[in-house]
Structure formats: C-alpha cells, structure tokens
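Working notes for the structure below.
A, B and C label the chains in the order they appear, each numbered from 1.
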Amino acid sequence: MCNKTKCDKSAFQKSRRKVLKGIAAGVGALALPASNASASVWEAFFQKHFRELDKTELQQVLARLESEYSKEFGKTVNVKATPPIEGVKYGYGLDLSRCIGCRRCVYACVEENNQSRDPQIHWIKVLQLDKEKGVYLDHAEHYYNPAEVPEQGKFYMPIQCQQCENPPCTKVCPVQATWPENDGIVVVDYNWCIGCRYCMAACPYGARHFNWAKSKLPKDEMNPETHYLGNRPRPTGVVEKCTFCVQRTREQPGRYPACEEVCPVGARKFGNLNDPKSEIRYLIENKRVFIFKEDLNTQPKFYYFYAT
Amino acid sequence: MKTHLRRTITFAICVLALCANVVSAAKVEKFFDRAGNLIVQEKVEKYKRRADEGETYPVPPPPFSEDIFPCSECHAEMEPNPERRELVDMHDDIILDHAEGQRWCLDCHNLNDRDTLRLVSGEVIPFTESYRLCGQCHGDKFRDWKVGIHGKRTGYWNGEKQYLLCAHCHNPHSPRFKPLKPMPPPVRPENLNRQGALEETGHQ
Amino acid sequence: MKNIWNFFKGTLILTARGSAAYYCWVGGLLVLMIIGGFTYVIQLNDGLIVTNMRDQVSWGFYISNFTFLVGVAAAAVLLVIPAYVYHWKPIKEIALLGELLAVSAIVMCLLFVTVDIGRPDRFWHLIPFVGILNFPQSLLAWDVAVLNTYLVLNLTIAVYYLYNLYYKREPNKKFTTPLLLFSIPAAISIHTVTAFLYNGLGARPFWNASILAPRFLASAFCSGPAFMILVFFLIRKYTRFKISDEAIQKIAELIAYAMFINLFLLGAEIFKEYYTASVHLAPMQYLLQGLHGHNALVPWIWTAMIFNVTAFMIFLIPDTRRNNTTLVLGCVLIFIGVYIEKGMGLVIPGFVPDVLHEIYEYVPSGLEMLLAIGIWATGLFVFTMLLRVAIPILNGDFHVADDGVDCHIGDNLFFLGKADREKRNVSVVEKTEGSGS
C-alpha cells in the first residue's frame, strides 16, 4: 500500500488501483478455476466508487451494465450518467390544498423508476391526515383505501425524499456511497453501498428504502431509459431513494419528474430554484409554504404549500 | 367521459405538437384532434390574440364532447334564440351547476357564432382561449394558472411548456372536481415477505 | 519465529485435549455454530427479507446484540483499572481473563455487524485507502476504527502476556503497561462511539438524548462485570484456577455503583420525556406502556426493570452480596436485564413509531434468532478456546518443556469432574502453603 504519507492524490489513487488490481488478480486466480463466473462479476466486484471513475472507466462500467440489463430484460437498456446541469438547483413544490390522495404519483414513480414490485418498494408515501389536527403525524393513516378520495375532513400529504441541502443521511454513510450532487439531488451509488442502513436510521422522512430481497421487475414493465444514479435496476442488499427522476430532469430539455407529470390535480410543482421565473420560485415567494420537520435543520428543497 | 379525456391528455399533447407541425408546413385548412373532432382553425386564428398583444398560452385542443364540434354544423342553419330558457330538445345532458342562478348558456357561448365564446366585454374568443372566460370571475386562479401554479403545465421544466385549459380538468358546466378511486395502499411491512401479498391489496 | 510456531502448535494440541464435559461443551457450540452458518447461507441467498426487519424498522435483533456486546467488551477491561492503576493484586491476576472476554465480545460484535449488512461482499469499501472510509464524518466509520483497534489491542496484550509466560519469561512491563493504560480510554471510547452512533440522529428522538452515552457506559459496567463474575464462579468450580472471593467482591461492589448510576440516568430520561410530554414521548410510551394497542416490548422492558432493581438490591445489601448464591442470582438478573434494556429495549423504540409515525411491531424471525445464537456460540467458542490456553498457562500447567521446543501439558482435562475437583482442592492447599512461606 502507500507508505508515504506525503504522496499526492493521483499517486495515492494509482497505488490504490494497483492494490485493487492485485487483489482482483489474486482472488480471481483463486476463484476462477473453481467457478465459471464471467469476468464481469469480478469487474463489478472491484468497481471503484462512481466519483472516482475516470471517463473511460465510466464508459466501461456503463457499457457493462447496459449489456447486463439488456440481457436480463430482453430489450435494449440505456444507462446514462448525465452530470448535473450547471447553475441548476432543483426544487419541488407540493400543494397540500389540492392533493386528493389518489396515489397516482406513487405508481407512476414505481413504473418510471423500476422499483421492485415484489417485495414492493414505494418511494412516495401518501399520508391521510385529519384537517382538524393538521400536520400531526401521530394520527396519520398510511393504508387508507376508501372507494373514493378525497374523504370528508381529510387532507393528504405525499412524502418522498426531500433532497435536503443539509442531508443527515449522506453524513452518516460509512463509505460515502451516497452524496448530494451539485444540482441538489441526493444520490446513491448502488454499486458502492454496503447495505448497513445507517442512512435509513438517519433520514427523518422515511425516504430511503432497502432492497430486502432480489427485486422482481417484470420485463415488459421495465423502463429501459435509465441513469446510473437513478432508475437503473438495483442489486439486492442496497439502499435506494427518490432522485427527482434524474434520468428525466437532467436532460436538455428536461422532462418533469413522473410524479409531477401524472398528478391529476396539478398539486405537484417542479423547477429550478435558481431561476426567478420558475414555478417553484413563484410559489415560494407568493404562497404559504412550510418545510417538513424544519426544526431538524435538514433544509429540504421540497416545499409544501397552500395555493389557496 | 371526463376521466377518459383526462387520461388521454398526455397523448393529446403529443398529437397537438404533431398537428401544429403539419398545419404550419402544409397550411391545411381543417384539422382534427385525436378524438376525430374537427378543429375550426380559421376561427382560432381570427380571434386569437397576437402574442405581442400579451397573453396567449399554448394549450392542447379543448376537450369537446364527442361529435359535437363544430357547433356551427347544426347552429348555422338555426335562428339564434337569445331568450333564456330550459333546453329540452338538445343539450339536455348538460346540467349547469356553476352559478346557474346568475346565468345561462349564452352568457358564455357566443350567440351569433357558436364555435366561439364571448367575454362579458363582448369580445369574442376561440375555445382555445377559454381560460380568459374563466378568468373573468376566477381572477386569483387565473393568476396562479398563468405562472403554472394552479392546474399544471406539461412539457419540459427547462424548455417548452404547454398549459392545460381549465376545461381539461374542470367540467365548465359543473366545475367541482370529481372524487377518484385511489390506487391501492402499500403492502404492510408484516406482509412484505409473503408471496402474493400484492394481489391481496388489489394491485393490478 | 520458530518459538511462535511452537507455541501455536502447543496451543492446538492443548485445545484438542479435555475432559468429556469439555468435549460436550465445545461440541455443542460447534453444532450451534454450524446451524448459524447454514442460516447465514440462507440469508445470503435470499437477502435480509428472511429477517423481520423492514424499511420501518431497519435495524433489529442483530444490531441490538451488537450494541449490548460492545458494552460487555468495554466493561470487561474495566477490571484493568483497579488491577493496573491501583496495583490491586487480587484482580490483577484475573484482569487477563477480562481482556480475553473483551476479545470474544468484539468478535461477536463484528460478526453481528457483518450479518446485518446487505452487501458483506463489499466489506473492502470500509478499508481505508483501499475503499473509502468516511472518517471522521460517519460515526459508523469511527466505530469500525475503534472496534478494530480495541480488538487488536486486547489481543496483543493477552497473547504477548501468555506467550511470555509460556516461555517462562517475565513480560516486559515497558511494553504491556502503556498498552494496558491505553486500553482503558479505548474501552470507554468503543462504547461512547457506539452510543454516539445512535445519539447523533436528529430523526430519532428516542436516541437523540445526550444522556445516552453515560447510560451506555453505566449499563455496560453492570453487564460486563456481571458476566465476568459468572465466568469466575464457573472457572473456580470446574477448573484448577483459583480466584479469590476478595476479587469477586470488589467487582460486585463496582456493579452496585454502576447499577445505581444506570437506574438514576434511566429515571432522569423517563422523567424528562413524560413531564415534557411532547411528540417525542411516543417511543418511550411504546417501550414502557404500549402505543395505540401495540405493546410487544412492554413485558420485556418491565422484566428488565424488575431484574435490574432486584439485582441492585442484592448488590447493595452486604449480606446478599457476600452470599455466593444470591450473588450469582444477581449477576444473572443483571445480565438478562441489561441485555433486554440495552439490546432490543434501546434499538427498537428508535424505530417504533417510525419517522412518519407508523407502527410496525418488530419481533425477530426464527432465522434471525438461530443466526444470533450461532454468533453467540462462536463468541463462547472463542472465549472457551482462549481460556483453555490461558488458564493452564496462568496455573503453570502449560509451558515450554525443558528441551525448549516441545510443550509441557499438565492439565489434560480443563473441565474437571467432581472427583478431580476434590483432588484439586488438595493441590490448591499445597500451593497456597507453598506461596505463603
């Protein structure tokens, strides 16, 4: 390993790569004769952290994933790694005076983001609350299922990742497998996460979800337009979360997140916080807005508001 | 009907984009929306405000009932009757639940040309600008709608956006939002490991 | 180098020998370890879905055991303080056993963390310079660092000490004393860091109390020494090793102080939550009285409370403390009491109700329990093996033979039967007389 403490970063990385290669060669030599594991298994095993991949390495990783997924799902799957757009900071608004709790967003999210159907993973939770009690979660109903919504005297509060400016979840990760990107989206490197679930304990919004078993994702329902940090299929034993549909929103022009697009009452708003003419800026400046669990100083970029 | 239309909104947007291309390229005189309804383009053009005059907003085709537009198809032959009355022979399916005490059909529909609407000022507007009609009373909603807060804009957050007309979500004759059947609740954690837990909650 | 190899070879021969009881015990542990191994294979294959942990309660039985055992590991070394700081001789002789317990407990801790993580194949991501250890930001990174340091530290001290005794050399104090002194703050730090790991989460009000770290230490200083006393009684009864009542009494006294502080701090926490009665009271209510009809933990925590208070009385009253039967009873009560309180009683209310106030009543699955039992068996196996070597060495029954190469084994039984024990009493008397002159 690197004995000199004064060695600079590139030298340090080089030595680290050497170590990794050495280990890879060693373990590979030991294990390969015993099993006919393909080389990509080892490539995946020794893959570096996303942020340490250089351009060619990243291309190799994306190509490997694309071929793996294409084979698994029987169609051409694209895995992009589109970087954040310069000068953009995403914000999300949710109009509590409009939401009717129909859960269209929940399932649009599942379909767009290739969540496991069984065991079921939902990135969005919709709580039914009493108008009389307000945002007092002790009386929240997670499993409401009446014939029709909205119900008398109730209001609905969808909760998903709040994309905190000061995220408690990324701070606690022991291996830096999750971090906030420059556009404010908190992402996970599913190939680096060790599955310790400390981030889940740290998240005040229940926004992080664990792959308790191998995800079941029907081939015909699989969305083949994916992002490395977003909706690509997830391995077992790692944590995943909402990314504001990074595979859509980082494009030029960028589509709205799936949950925004599907909302039948237009309760969901999305845009660039740095753009004074965006919807999100308008609502922050002109509407009654509240931040969920503001006292925890997580500084969410998810704004609940009342249009009326 | 309404829910059906609402569901096809996204599709309609794409279609409209296509149609717009076709129109500008080929200068076709008539064209149809996805449901096969004729859109009377010359009237839209005639009454539409110029962009430099201020407020116009790109919208998908108005959500007409099937086989009813253009209204002039029937009304052109008929003598206009401005007398306030209950309709019995035609349009009796429309029950006005929208300040019905204060007004009736021809307060909004143009007496002399049913393919258009009229504002209180007497200005005639195409159906594609019906938001101006609604905005006469619902100024606060109109203001929010223009900035994309009331209702919604579709398209791209950093690119071209399209507005939905008020009538895409609200039936103008009975605007109160209709309740929906909610999608199934999530599987309870207790049942997450069980095979078929999804079927039990009624997931399609 | 050759000496080390010979020593190692000797320990292998030694651990392979023993009485029928020894074989039964070790064999039983091995069976449990194998069962645990199988359950782990199932878990690796199917994913953590085989546990009853879910998104709502994302840590469960494994992490509860981990938390408790960090306490045991930390407190075992507490014995070092009177032994080496105050040079109090009766404990000095047995402090080494405390270090061995610490080693075994840390092994269990590491195993519990390993079985809890979703991708054990990516363990290398935690290794500094090879992977990325998020130090000093993540408290879990701190925990990885201090636990491994602590393991290496205790293993080094114990092995160095035993190795030298085996070769009939006096261990070099200049080497051992600094390490021993360092092991004291290290012991405190492993438990403090583990407490901080929970403590620093604003999302979990049940843990987000600054009293947590002191409570951790206080309860650890009950459970660890209580376990030590139980082990001492067993060693005294079933092996040739002699442990004085004086030493045990001293430890019992320590437990009494620690339990008082533990109960006091717990009371302070309960007062604060109930008197304030904010929304943050909910987890405490869930633990102590049940919430919205959910009360899985209530019988457990009250059992723990009753056990802890009873044990405190036993250790407080001199008559019961000096009576070996009640003393053993007290130790058992404390061990169980703290195991409940600092295990499931601490971890689960952090998640119930969850951050969105959903209540998912977590109870470990059968597989989780089998795997946990397997890890406990592994820990006890490690401890037994360490004792199997350490006790004969300390007794002078296992040392290098006169030729300087082979080993001399004077204790082929380890666990003694009744007849053997009577014989041992005679030899002990001889020994004491000998040392007295």
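The rule is short, and it goes like this: a contact is a pair of C-beta atoms (placed from the backbone, for glycine too) under 8 Å apart; a residue touches a chain by one contact, two chains touch by 3 or more.
Source: prediction; values computed, not measured.
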Centrality ranking, top chain (CA atoms only): A
Selected interface, B-C versus A-B, where C-beta contact pairs are more numerous: A-B
Euclidean distance of C-alpha centroids - chain A vs chain C, Å: 39
Mean-CA-position distance for chain B and chain A (Å): 35
Centre-of-Cα separation between chain C and chain B, whole angstrom: 71
Chain C, residues touching no fewer than two other chains: 49, 54-56
Sites on chain B at which at least two other chains make contact: 188, 192-193
Per-residue overlap in chain A, given as positions that touch at least 2 other chains: 119, 125, 142, 212-213
Touching residues on chain A, where the partner in the complex is chain C: 1-2, 12, 16, 19-20, 23, 45, 49, 119, 125, 127, 136-138, 140, 142, 159, 168, 171-177, 192-198, 200-206, 208-214, 235-239, 296-298
In the complex, chain A residues that touch chain B: 85, 88, 95, 100-104, 106-107, 117-120, 122, 125, 142-150, 212-213, 249, 252-256, 260-261, 263-266, 268-272, 278-279, 282-283, 286-287, 307-308
Chain A partner contacts - residues on chain B that touch it in the complex: 6, 10, 140, 144, 147-160, 164, 169, 177, 179-188, 192-193, 197-198, 201
Contacting residues of chain C [partner chain A, same complex]: 46-49, 53-56, 58-59, 113, 116-126, 129-134, 137-141, 144, 197-198, 200-204, 279, 282, 350-351, 353-358
Residue ranges of chain C in contact with chain B within the complex: 49-50, 54-57, 360
